[in-house]
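Right after this note come the structures.
The following pair of complexes shares a single chain, subunit A, combined with subunit B in the former and subunit C in the latter.
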Partner chain A sequence: MEFIHYFGDVFTPVNFLILVLGTIGGLLLGATPGLSPTMAVALLIPFTFQMEPASSLIMLGAVYTATVAGGAVSGILVNIPGAPANIATVMDGYPMAKQGRATEALHYCFISSLIGGVFGVMLLIFFTPPLAELALRFGPAELFWISIFGVTIIASIGGGSVIKGLIAGAVGLWLSTIGYNPVLGTERFVFSEHLAGGIHVIAALIGLFAIPEVLALVGASGTARGKVTYAKWSNHSVWKSIGYNLRRIKALVVGSVVGAVVGVIPGAGGQIAGLIAYDQTKKLSKDPAKFGKGEPDGVITAESANNAMVGPSLVPLLTLGIPGSPTAAVLLGGLLINGLFPGPDLFTVHGQVTWTFIDSLLVGQILMMIFGLMIARYSVFVTRIPKHMMAAAVIVLAIFGTYSVQNSVSDVIVMLVLGVGMYFASRIGFSPAPLVLGLILGQLTETNFLQGRLIAGDDPWGYFFAGPINKIVIALCILSIAYAIYGERKQIRKRRQQQQVTA
Partner chain B sequence: MIVYSRRLFVGYMVAFVAGFIFQVSYFQDSDEAYLFPAVVASAMLVFSLISLFREAFDLCVDDYQPFPFMRQWPVILIMVLGVSLIEILGMYLTAFLILLTVTYWYSPEERGMKRMLQSLGMAAGFSVTMYVLFSVFLKVQVPRGILI
Partner chain C sequence: MNRVIQKFATFAAAAGLAISAGAALADYPDRPISVTVSYGAGGATDFQARIVTMMAAKEDKQGNGIYLNGQPIVIVNRPGAGGQVGWNKFVKQAKPNGYELAAYNVPHFIAQSIVFPKKVKYNIDNLEPIANWGADPAVLIVNKDSPFNSLQDFIEYAKANPGKLTLSGAGLYVGHHIASLQLDKAAGIKTKYVPSGGGVKAMQFVLGGQTMAGFNNLSDAYRNRDRLKILAVADLTRNDFLPDAPTFKELGVDVDDSSVNFRGIMAPAGTPEPVISTLAEKVPSMFQDKKVVAKMKDGGSPMRVMTRDQVQKMWKERQAYLTDLLKDLRQNK
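The block that comes next holds the complex of A and B.
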């Protein structure tokens, strides 16, 4: 129950103000179509450099939580999900809004987000410290395989082609080797003066997530605005919504449990959590035909799932350094920048910062519901910001944010090159998530690899492939790839059958 | 046929890049310093060859998405020019020019005074916000140019 002692630190004037601003900002950013939670957190990291570590993590955590819930607003009101995590919410949220029940749908969205979110954070609180203790038993070989597991699982579960995910993960690992060897200090792959210090993680994060969205925004600017239909408003009592929401136990339990389980699996993310929970609730419903036509259970289960995912997605991150979602991967960058390394030290040496951060996630869930209910009606205005203005603002924020990391124009150039390159790569099936994870975990992987070789002496094979933990993690790597290949093959077969039917 | 050729082209391109990375990583004098990148580059080469094999024998789905390059090249050019001008014009003037050109170029309004005024207003407002945020509150040292 150590977490209770640190609640006071969340309520210091500065931290609480940051939490409130982060929550409101996150709700508005989440409601803005085209701004994903991952990009919002990546763009915000440079703003937190001047803050204390606890305050900076509170800000990033609040934005992470609130953007996931805020993304439902534009989904419900204008049928454009603010983030991929809200795709399942739109299926019933928008039909409800079209029936004049937008207010009611938004109430269910924020109330179930709070319930799912609190459930997820409680799991984070109770499961993280024992798992972190387990991490104490890990030596360089185990940590090396854990890092490889992080890259392979995000490459294979992240959706799309498995082999392209693995290539992207390998590219990320290789890019992390540019600059200096972390053990021997040798300079490597410095093809240009701009690469002399290596590729800074934050510059890469901003480039890989923000610039492709800028190009997508300008590509779509002036095309979709005319077609948007805004929902009609109606009055609906919040207390009535709370009462109804609490009676939908099945939808809430399915959503929260599915979200928590999916969150712990590295790389799975909120999008999958919402869709699986929606599918399961529909199957368990007495009247599945109502789903997709404005069934409140659809909104309740999807939103409780994608918020229940947030807390558990931080469990593998804080214990082993493996993020549970792309946004958690960006958050890992924020932790490292503050000198906080995943593992048991987070709860002993840096206990105050870590527990304050986790407690702020809990308080943030409550603030998210309060402000969500208050500003949902007004946040629809951000969905009306023209795409070309959004694109211009994101470019400037990306440049300022990247520059402020090390006061270096070289970082800005690297950010731009990686971002434009990633946009074109994404068009041919490559995802930025495995690349980013490879880049973040690269140095840790290489350091453990080289230290392991020094310890192993003449028998590196025996060292890296022996021991129960090594064998389990290697088996998990193979299983995750095999499972993803199986899923991909099933998808290919299904598509071919569909093509044959249409032909 | 066009889809198949395009996919095959992508497969060859990825294999070529992986081959280049393998070449620069593997053939180095200091073996120990380049050991990890060489292992990673080898894995990358193997994956890219598997990918090429899958494309060649039609064992995967087409995940290509078109991109409206004709709409996108101006913003890429503006970003490149902007970054190259940062140290000459200064951060705030460059930011103002990027905002002005991007919002003007991509505005759905008819070309004219209204479009220019909208872009000017947005660019000025956002530049001032960035100045207050970065120079006043966060005290970040940004490149100063001919004006500010």
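The block that comes next holds the complex of A and C.
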């Protein structure tokens, strides 16, 4: 219960001001496509050079928390996830916004983020030693099977057809092989110099989601020339949202638990936490067909998952110096620059700084929800922007955001090419989410397989199939596939019955 | 956002410079300087580059610039393909005017230029060193629970089980890889090198028991010393951070300092001589600024400031040694 003693340090005027500014700034940065949590934290590290250690960590922690949630705003309002972690949020958040329920979706997003986030930080406070031991057990074999588990959910997040989801996922897996392979040192599919660095996930994410949206907006504004078109919007009481949100226990529990587990695993990161949680909630739902068409549970589970990931991703970081997510990796730099070396000392010798930081994460979650709910009220202004202006604004954001990731024109070209391709693919029923998931998982699967293969030597079977974690994850993979087939057959039967009724 | 503003400032300054190009050399630098880092934001190279350049704009009480006329240095990250994307772009596109510099990692870029002579466009001849700020030796580590208690145990096991002893390291053709190749050669053994996605991941493999041993950065091994056994340091002398860890040479294994990860700043070939000599004079003193030294120490990053002459000599030595060591790995692609 040591953490309770340090709440006072969070509420000193300087620290609290930093926490408030970090949270607001993080929400805005997160809402800008391309400015992912990883980048936001990296950009801020130089500013911490002159600060007290506790203050600088408070700022970095607040920005980490708030950018993860802020990424949902642009996703829900304009169908561009702010970061890979928000892909799952978009799948139901954007349809909700199209139905005029943007405010409601944003409410669920921030309320669920708070619940998931607090759950994650609580795990960090009470279960750090056992979780750190667990984190160390994930080697290449375990991570390989986790990525395979991710692959098994590709088809079900496609929204519509399973076949189209699988095709898109396969294309994503192929795209992930482009560029330099870090284990073998070989180059593949580098037809043009622009592909030498591979396809960056953020560039692909922005292109695949934003560009089809821009082209659709341009098409729509052409037919309605002269008329200023408003999207639908209706207000929604915050208290009603809170009441409904708290009753969606299943979605919250699945989201928070999946997010926390994925957060602890070094290397998996928040990018897939939301998607796995989304898939599980959908499979456990009585009516999976509602997902992808504006089901609040989709937003609730995805956002609770990606914020529940934050706390546990710090467990291996603070105890072993091994970051659980790309953003936590950058945070490591922030710790080191303050002379705080990860390890047991952090909780004893530097206890004051560490516990103040952890407490600030808790307070930051609450601030994030308050400011987030305030932002939600103004979402109406975004929906009132005329379509042709919206298209212009989105394309500027897309190009700016992509370029800023690694100051690379090549990324912008890749983004535009993928985006235009996706526009045509989306007209015949393909959706971008399985493609991006394939891209993320491809790198994870391949790298871990190759490393595992090197370590295993003459006995790959014994290596990849040994150990309790491997067996559990393999069982989950089999279950996931079996359930997908079962669910699909049930859907087909249902459709047939309905056809017979109508006939 | 800061970076964007500075970008605009650079653009504006570039437009101004085009008009008064003639007067440029006399008062170099009169606008911000960019330093390309070929690794991602937050990694060790990026982290150290930001610290050692943070005092660039320092001024004395009269408002005169101490190091670089009061001009700041801006870090630009261009990661990809183990550094190849950033460095290739640098030699192809950077203007040799003293305003576009880059950070180097030795032996990484020299080893890549030897192994991939076709696709890698950079080599020690089209780059001009300015100064070196840091040197991080590779150390051979095993888990605290490992049966290996000494380098002797390690080598005996490797001799009895050729190709079985797994060894993690940050990546291909980086210092850790070079060290493992040297160790194989010097001890007459065959280990299995597992490249992972960076030094932190390689450390995780050792801590989690996924590999039997590993080469890692001395600074990272120092931080995790409670959970590790440090068998040997691949350097010529013992290090102040770990005074108890012996060097390979002390233990009778001929592994020298060729794998030490040197980090510093370089300019593209063709940069005017007066500009290079200005930088070569000022940059080492900037690296030795009291605040820089204190921050580097806090971060556990070993410093080794070297002047342009010393770096030129070091690059040539590495080139000669690595060409020989890596001749079997050369890829004509």
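As a working rule, the second predicted complex is superposed on the first by the 270 of 503 C-alpha atoms of A that agree within 3 Å, B and C clash if a C-alpha of one lies under 4 Å from a C-alpha of the other, contacts with A are read in each partner's own complex, and residues count from 1 in each chain.
In the analysis below, a residue touches a chain if its C-beta (ideal position, glycine included) is under 8 Å from a C-beta of that chain, and two chains touch if they have at least 3 such contacts.
Bear in mind that the values here come from a model prediction, so they are computed numbers and not experimental data.
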Touching partner for A:446 - first (subunit B), second (subunit C), both, neither: first
Touching partner for A:407 - first (subunit B), second (subunit C), both, neither: both
Touching partner for A:42 - first (subunit B), second (subunit C), both, neither: second
On subunit A, the residue positions that both subunit B and subunit C contact, one per complex: 49, 184, 404, 407
Subunit C partner contacts - residues on subunit A that touch it in the complex: 38-39, 41-43, 45-46, 49, 136-140, 179-180, 182-185, 187, 196-198, 266-267, 320-323, 329-330, 332-333, 336-339, 341-344, 404, 406-408, 447, 451, 454-455, 457
Touching residues (chain side subunit C, partner subunit A) in the complex: 1-4, 41-43, 46-47, 50-51, 54, 76-82, 84-85, 88, 115, 119, 163-164, 166, 171-173, 192, 194-197, 200-201, 203-205, 207-211, 220, 223-224, 226-227, 295, 298-300, 333
List of subunit A residues in touch with subunit B within their complex: 47, 49-50, 160-161, 163-164, 166-167, 170-171, 173-174, 177, 181, 184, 186, 188-189, 211, 214-215, 218-219, 221-222, 225, 386-389, 391-393, 395-397, 399-400, 403-404, 407, 409, 412-413, 416, 420, 423-424, 426-429, 445-446, 449-450, 453, 488, 491-492, 495
Subunit A contact footprint on subunit B (complex, rising order): 10, 14, 18, 21, 24-25, 30, 32-37, 39-41, 43-44, 47-48, 50-51, 54, 59-61, 63-68, 71-72, 75-76, 78-80, 82-83, 86-87, 91, 94-95, 98-99, 102-103, 105-108, 122-123, 126-127, 130, 133-134, 138-143
